[in-house]
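A short worksheet on the structure shown next.
By letter and in written order, the chains are A, B, C and D; residue numbering begins at 1 in each of them.
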Amino acid sequence: MEHILSIIVFFPLVAVFFGFVISKESIKTFGITVAVVEFLLSIVLWIGFDTSNAGFQFVEYFPLISQFGVSYYLGVDGISLFLVILSTFMTLISLIGLNIKKDIKNLVITILFLEMTLVGVFLSLDMILFYIFWELSLIPMLYIIGAWGSGQRVYAAIKFFLYTFAGSALMLVGILYLGYQYFLATGTWSFSVPDWHLLVLPFNMQLWLFGAFFLAFAVKVPMFPFHTWLPYAHGQAPTIGSVLLAAVMLKMGTYAFIRFSLPLFPDASYYFLYPVATIAIIMVIYAAMVAYAQEDMKQVIAYSSISHMGIIIIGTFAMNAEGLTGAIFLMLSHGIVSGALFMLVGVIYDRRHTKMINEFGGLATVMPRYAAIFGVMMMAAVGLPLTIGFVGEFLSLLGFYRVSWLMTLFAGTGIILGAVYMLVLFKKAFFGKVTKDENAELKDLDKREFTALIPLVALVVILGVYPKPILSTIDMSVKKMINLMEKKALLPSTKEFLIRVNHTGGKK
Amino acid sequence: MEKYLFVALFAPIVGSLFSLLFTARKKNVITALVTSGLLLFSFVSSLTLLFAVHDGLVLHVKLMDWISAGSLNLPFGFIVDNVSVIMMVTVTLVSSVVNIYSMGYMAHDKGYNRFFTYISAFVFSMLILVMSDNFVGLFIGWEGVGLCSYLLIGFWYEKESASWAGNEAFIMNRVADLGMLMGLFLIYWQFGTFSYEEVFAHVGSVNVGVVTTIGLLLFIGAMGKSAQFPFHTWLADAMEGPTPVSALIHAATMVTAGVYLVIRASDLFMLVPEVGHIIATLGTFVAVFAASMALVNRDLKRIIAYSTLSQLGYMFVAAGLGAYWIALFHLMTHAFFKSLLFLGAGNIMHAMDDELDIKKMGGLFGAMPYTAILMAVASVALCGVYPFAGFFSKDAILAAAFNGGNFYIWFALFIGAGMTAFYSFRLIMLVFFGDKVYKKLGFHPHETYPFVLWALLPLGILSTVAGFFEKPFEEFVTKVLDKYEFSMAHSTELGLIFLTSGFVILVIVATIYKYAKGGFSKQLETMPLFLLLKNQYYIPKLYEVAIFKPYYALSRFAWKQIDVRIIDFSVDMIAKILYRSGQQSRKMQSGNLSDMLRWMVVGIVILLAIAIFYRPMV
Amino acid sequence: MLGHISVTISSLNIALLAPMAIISFGALAIICIDLFSKNLNKSFYVMLSLLFILLDFTTLIGLHGSSRGFFNVMLVDGISVLSQGIILITSALFIVLALSNKPFMEFKKAEYYALFLFMLVGFQFMVATDNLILIFLGLETASLSLYTLIAMHNRNKAFEAAIKYFTMGALAAGFFAMASLIFYALTGSVELSVISKVLEARNYAPGVAILAGVVFMLTALAFKLSVVPTHTWTPDVYEGSSAPLAGYMSVVPKIAGLVVAIRFFDIFLHADIVWVQNVLIFLAIITMFLANITALVQEDVKRMLAFSSIAHAGFVLTALMIGNTQANSAIFLYWILFMFTNMGAFTMLWMARHRKNLWDSRYQHPFTKFSGLVKVSPMMATIMGIFMFTLAGMPPFSVFWGKLYLISAVVDSGHVWLAVIMVINSAIAVYYYMKLIVYMFLKDPITEDGNIYVANSSTPIKVVVGIALVFTITASIFVEPILGIVTQLMKSSGL
Amino acid sequence: MITLTHYLVLSGILFSLGIVGVLRRKNLLMLFFSTEILLNAVNVGFAAVSKYYGDLSGQIFSFFIIAIAASEVAVGLGLLVLWYKRSGTIDLDSLQMMKG
């Protein structure tokens, strides 16, 4: 298990270079093979992962620029482990589901490159390294949206790129400032997160730094009102792009909140708790409403993911084990479900070359299997118990209830409004009589689509019924993090808050 | 005994999964047979458990851990005690009957296999609901039955109205579920657990305000499931589903889940009588309110649906007044005769090619005598005429109301009973007697398959005799639920009973007489009151105007105006501004040499000026 | 009136002259050879110049420590060695580009190479002294040769560019002379070290006069660094001159100017005179903003790169303002990393050079020219894309590290707000670099044959691109040693 | 008695003249003349100041400036002639091929 993290990160990159010499015909198979190997590697990682150790494991460290404290520092813990697996898994699935013919070679290579960056983001413990992967991940997505997208693809691609890049500009300053603070405190430069975790920052500085990081993460999540790039990106992106964007890339933001914002700036996080939560609630309700108003299936799902990300934020800022664990699990579940939903839309788009809801109707009669899988995913999306969607949503809200029951009530409306737009979409597209005769002889899912979708369905059910192994692993690291926050908290109010939200029992 | 529990619980889901394999294929009787068999199997094991429990056993099984995070540790736990076993028996019995019945009813439907998949899935969720030993487990079943009801209401998804009704049911339940979820959250943070045992063990030590809140929140959930006002509209629309579904889900089992929740949490509700009072009051209101709508309706199934609503009201009254065992008893008896009523209605629809308007029937007795008899029995039971089942349970409720000193409740229920008698026999008369309107409309009604009638027989018998089990039932369930003491004199009780029965029978006779004479005059239907009732107090219209439409408009606004016009626009604006300023600054690049030189000189002059006028040296 | 002058050879410390001497000798040699044998192939001259440059380089790295010589006018300290090193490496890369596939008349002429070497001498003198006379001398030698080199490209635009550059250069020279006069008048010396001492001794009075001097000097140097508002020549000159020369101009004259600027402003920044700092910040900010927003609207890649180089200059100006060791090393780190990438980018344009404008009557390298390049020649598109992202400061490529260290220096000096402005600018800048990428990767090709994009390429040119590319990509590894060396040299020269 | 100040003032005036010329002149040749004036203005100053300090470096500087001015003229006229050959004018408004 030596260097397994480096292997996981750079295996796809190496594959990319080999990919250049492989011929068009066999490139997709190559891509899938690589993705499978990568996925297996991440599974090996899970097997090798010591579930009793909450700290970082498989750590790899060597200085890159020693005098400036930049280092190559990888490590995995309960928080990041499953996000890594999610990335590799969704990449694999999306590659299986891939059926683009145009420039397939470039596409596959780009996807593999993207996979590298995604895994890198979740594994890097050095802030500079993290920033590198964070920014690098934009390039392949830019290419995917811009080159294989539909309609105003170039506009969407540029918007996505510039928006997210500009968003993370401030973060860079924040990183360097923190590095300097560390230098002042210890006399040596370091950008490694574990080192920074030991750094106790004055309150005002925390506020500023929190802000600097917040913008970058908020744009990525995307949080209201920085979300407008998402509908365009999803609207124009090819299926595989949307899948990876929704399933994994959005999670980078929420992951970063948990990994950096909370433990680095506990007091600031508490200070900004209510504003952030308010934004999150707006996301939940507002995005759900906008989703309901959409005419394009893909847009519905795009906005729905904004809504769900809102719940994740809520869970994150509950700052108790229930909420955080729930938030992380919700990341996984949303990754799987939204990914599946985008693939399903892709299926119908391949057949009819339109995503407009009113183009369809009565699909349940024509494509029963398709309808069934869509239905399962829909139920997971609205968070039905015993599907994967329920666990995370339940825990996130449960966790936040301790912070504020009223806000939880508002955030909870998400489960109603979510049901509204999802069921209405389903009704419009699948129920009723077949009106358009183009739809009359659509063929049901073929083998490729099945092989891509069945694993997702299986996961939705299995993890819905038995999420414990994953939850407990996450929970362990989360608890560790919360303890860290408690230790670092400067203000008594923060400490008091953290203790309160992490213990049950009536108000003392 | 665990194995019986597991059989009872998992037999249905096995059947469901089995027939799931056939859903995409064309009709196949095997699915029906297998599911029916497994449901019966489940019923039998529930019965075994019933006797076992009667011998004083209480099963408590932890299956496996489900969710564990923070200090929360949530297993799949099941409990079989005197309360849940009653529910199990009722549910499995009715569902088995309905399943067998459906073999006939759905015989020619192209969704045949799908139907049985859904039914068994429903039974499974319902069993989880009643058997689980903690609130979240109950919530799983809660949502599960919600899903199944959504699927079954919208079973004929090609009908616009059906799928609409399905959505309405699901979403309305979601609204109520939010309330319930909040209740669960509060419970967790108060008690640190969800399991009934521990919660009820400590509920005494928590301050009353919190308990009240919990009670109310849970009751909101119950209101949704049991379609209490203002969530009642979905139940009437739910009649879009196949009739067996209405019998099973929307009469016998699912809609009573709310009542079950209150009974389950009786230890909690006992501590906060004022919440109980609210429940009782609302129950009373619904009992009358729904019955009133049933008076004038012409839709066969909707009439029965409204009567279900009003009966649920009765149950809530009992539960609210602390007479939990009575509530449970009425729940059970009601399950029998109401499902019988629905299934009978199903036969009629079958005979009449899904015609629902009772004014277009009449004189069907000749065509389908057995159905007529069964429905008559069910109606009598519903009205609460001695010796039928309804008499015992319903009179107990009235007695309880009177006993509690809540005379206005008692009176309302008394009136309600009268209404019940009226609309039930209005229905009977219009459907089975009088002149044969259907002949003119060219229907050729015929009695349904014998096996279907045989299947209905047990329900018929139970609706007749179940009442005599009142005493054993009471002492059986009060081992878990607390007893309800009748403080009033036995004579008053008897007096009440005679009063009520007398009134009911009077109404029945009057109704029969009136309709035998040809019913009410036409101009009655132009009365404003009549219209009010006919339009269900305009509440559905109100929801339409006040909620659905505005929400859609608001959503459109949020998208078109806020999202596109404001947020996105301002984002693009930044880019535009930068670009524009680029085009401006580019003018500086005139390409003319003397301009360039001028810029240089301008620069130096400005700097010199700065040097002269602004000079912070150190 | 003057005392008897006695000079010992050892005190002259001739060794310091060696590098310049070698190159000058090389230049003369080339001219003489040309006298005797005409029509030698350009490859001969290229290789010859390359040889001399290498020789120069070897003697250069022989020098170490900080030492004066040749009547104390020469000052060879860490910074000068470093800058000479950069200049030489760039020149080496540059001269190779003369071996292009298409024939260009300037490369046939021996004078071209002679002038090139003389220019090199000029720059080396410019950085290897703190004596205003020698600086002026070097500056003018270099500039005059540069004007000629530009003009030798022998296109109308080339002449126009040369004339514009020349005229403004002449004005700048005037300013420089004036500045030196003022300081001479104030201190009676033309050596920066002495000037600094004297000024310090009398505690920077009289303010106005000194600041006037600073202003003139600032403008003169700003012209070299193409800082607003003296930047107007940059796009035109770059457009007019051949791509390699443009690339060269965006690196070498600027580093030379930077060295002089560092030496000069050190006087005032040591005594932290707020005025100088503020003015520099002010200039830096406008330079960044103006260059970036103007670059947004360019239609020609070369002009865009010109503006980008202005923006980069503005970027390093911020570090110049800070003037501590970290900042100065940041400047050099940044410039070294920038140099490779920039040369690479311009070389790519050089590859795609044509006799006449195929795509646009006005521009040689309009964006449209590169549409759909990835389909036609993916390799080239990818490389160009990498260069663009690098210039945009995309991690983990070379310039990112420079940017990182630079901004870090700014942050550490307490100017966080300035750092914010810098990152905002780099965010703006991304757009125009990405514009090219969008054209190359996201648009459909206008032509099917990819050869026109590599019409002018030859093995040597490819090698240059290769070097630039490898360095750009693997910079993450080189940053450590480079930063080490740079910092150490900075410390050694007390900056 | 003519003091240093007079010289410096003179040099200043000359310098300003040069600048004005640079700004006003449209004729390239005149433009070059103006730049020459600039440099010579500086020369005067240097000579005077070096005399004042009794230090040679000023005069050395002015010598170098003269030399450089000469070479500037050489290069400048070369370019000018080239341009004249091409465009038949030495009006500097003719140099407008590149802009924007």
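Criterion: contacts are C-beta pairs under 8 Å (C-beta built on N, C-alpha and C of every residue); 3 or more make two chains touch, one makes a residue touch a chain.
Note that this is a predicted model, so its numbers are computed, not measured.
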Any chance you could name the chains that touch chain B and chain D both?
C
Of A-B and C-D, pair with higher C-beta contact tally:
A-B
Need the most distant chain from chain B, centre defined as the mean of C-alpha atoms.
D
Most centrally placed chain, judged by C-alpha centres:
A
Just how far, in Å, is the C-alpha centre of chain D from the one of chain C?
26
Chain-centre distance (mean CA atoms) for chain A and chain B, in whole Å, is 36
Distance between the centres, which are taken as Cα means, of chain C and chain B, whole angstrom:
79
What is the distance in Å between the mean C-alpha positions of chain A and chain C?
44
Among chain C residues, those touching two or more other chains are 163-164, 167, 171, 235-236, 431
Find every residue in chain D that makes contact with two or more other chains and list them.
22, 31, 92, 95, 97-100
For chain A, residues that touch 2 or more chains besides their own:
162
In contact (per the touch rule at the top): chain pairs:
A-B, A-C, B-C, B-D, C-D
Within their complex, chain D touches chain B through residues 19, 22-23, 25-26, 31, 92-93, 95-100
For a test of understanding, state which residues of chain B touch chain C in their complex under the given definition.
575, 578-579, 581-583, 585-586, 588-589, 591, 593, 595-597, 599-604, 607-608, 610-612, 614-618
For the complex, which residues does chain A have touching chain C?
63-68, 103, 106, 128, 131-132, 135-136, 139, 142-143, 146-147, 153-154, 157-158, 161-162, 165-166, 169-170, 172-173, 176-177, 179-180, 183
Can you tell me which positions in chain B touch chain A when the two form their complex?
23-24, 64-72, 136, 139-140, 143-144, 147, 150, 154, 157-158, 160, 163-164, 166-167, 170-171, 174-175, 177-178, 181-182, 184-186, 188-192, 206-207, 210, 551-552, 554-556, 558-560, 562-563, 567-568, 571, 575
Flag every residue of chain A that touches chain B in the complex, lowest number first.
159, 162-163, 225, 227-229, 231, 286, 289-290, 292-294, 320-322, 325-326, 362, 364-365, 368-369, 372, 379, 382, 384-386, 390-391, 394-395, 397-399, 401-402, 405, 408-409, 412-413, 415-416, 419-420, 423-424, 427, 430-433, 465-468, 471-472, 474-475, 479, 502-506
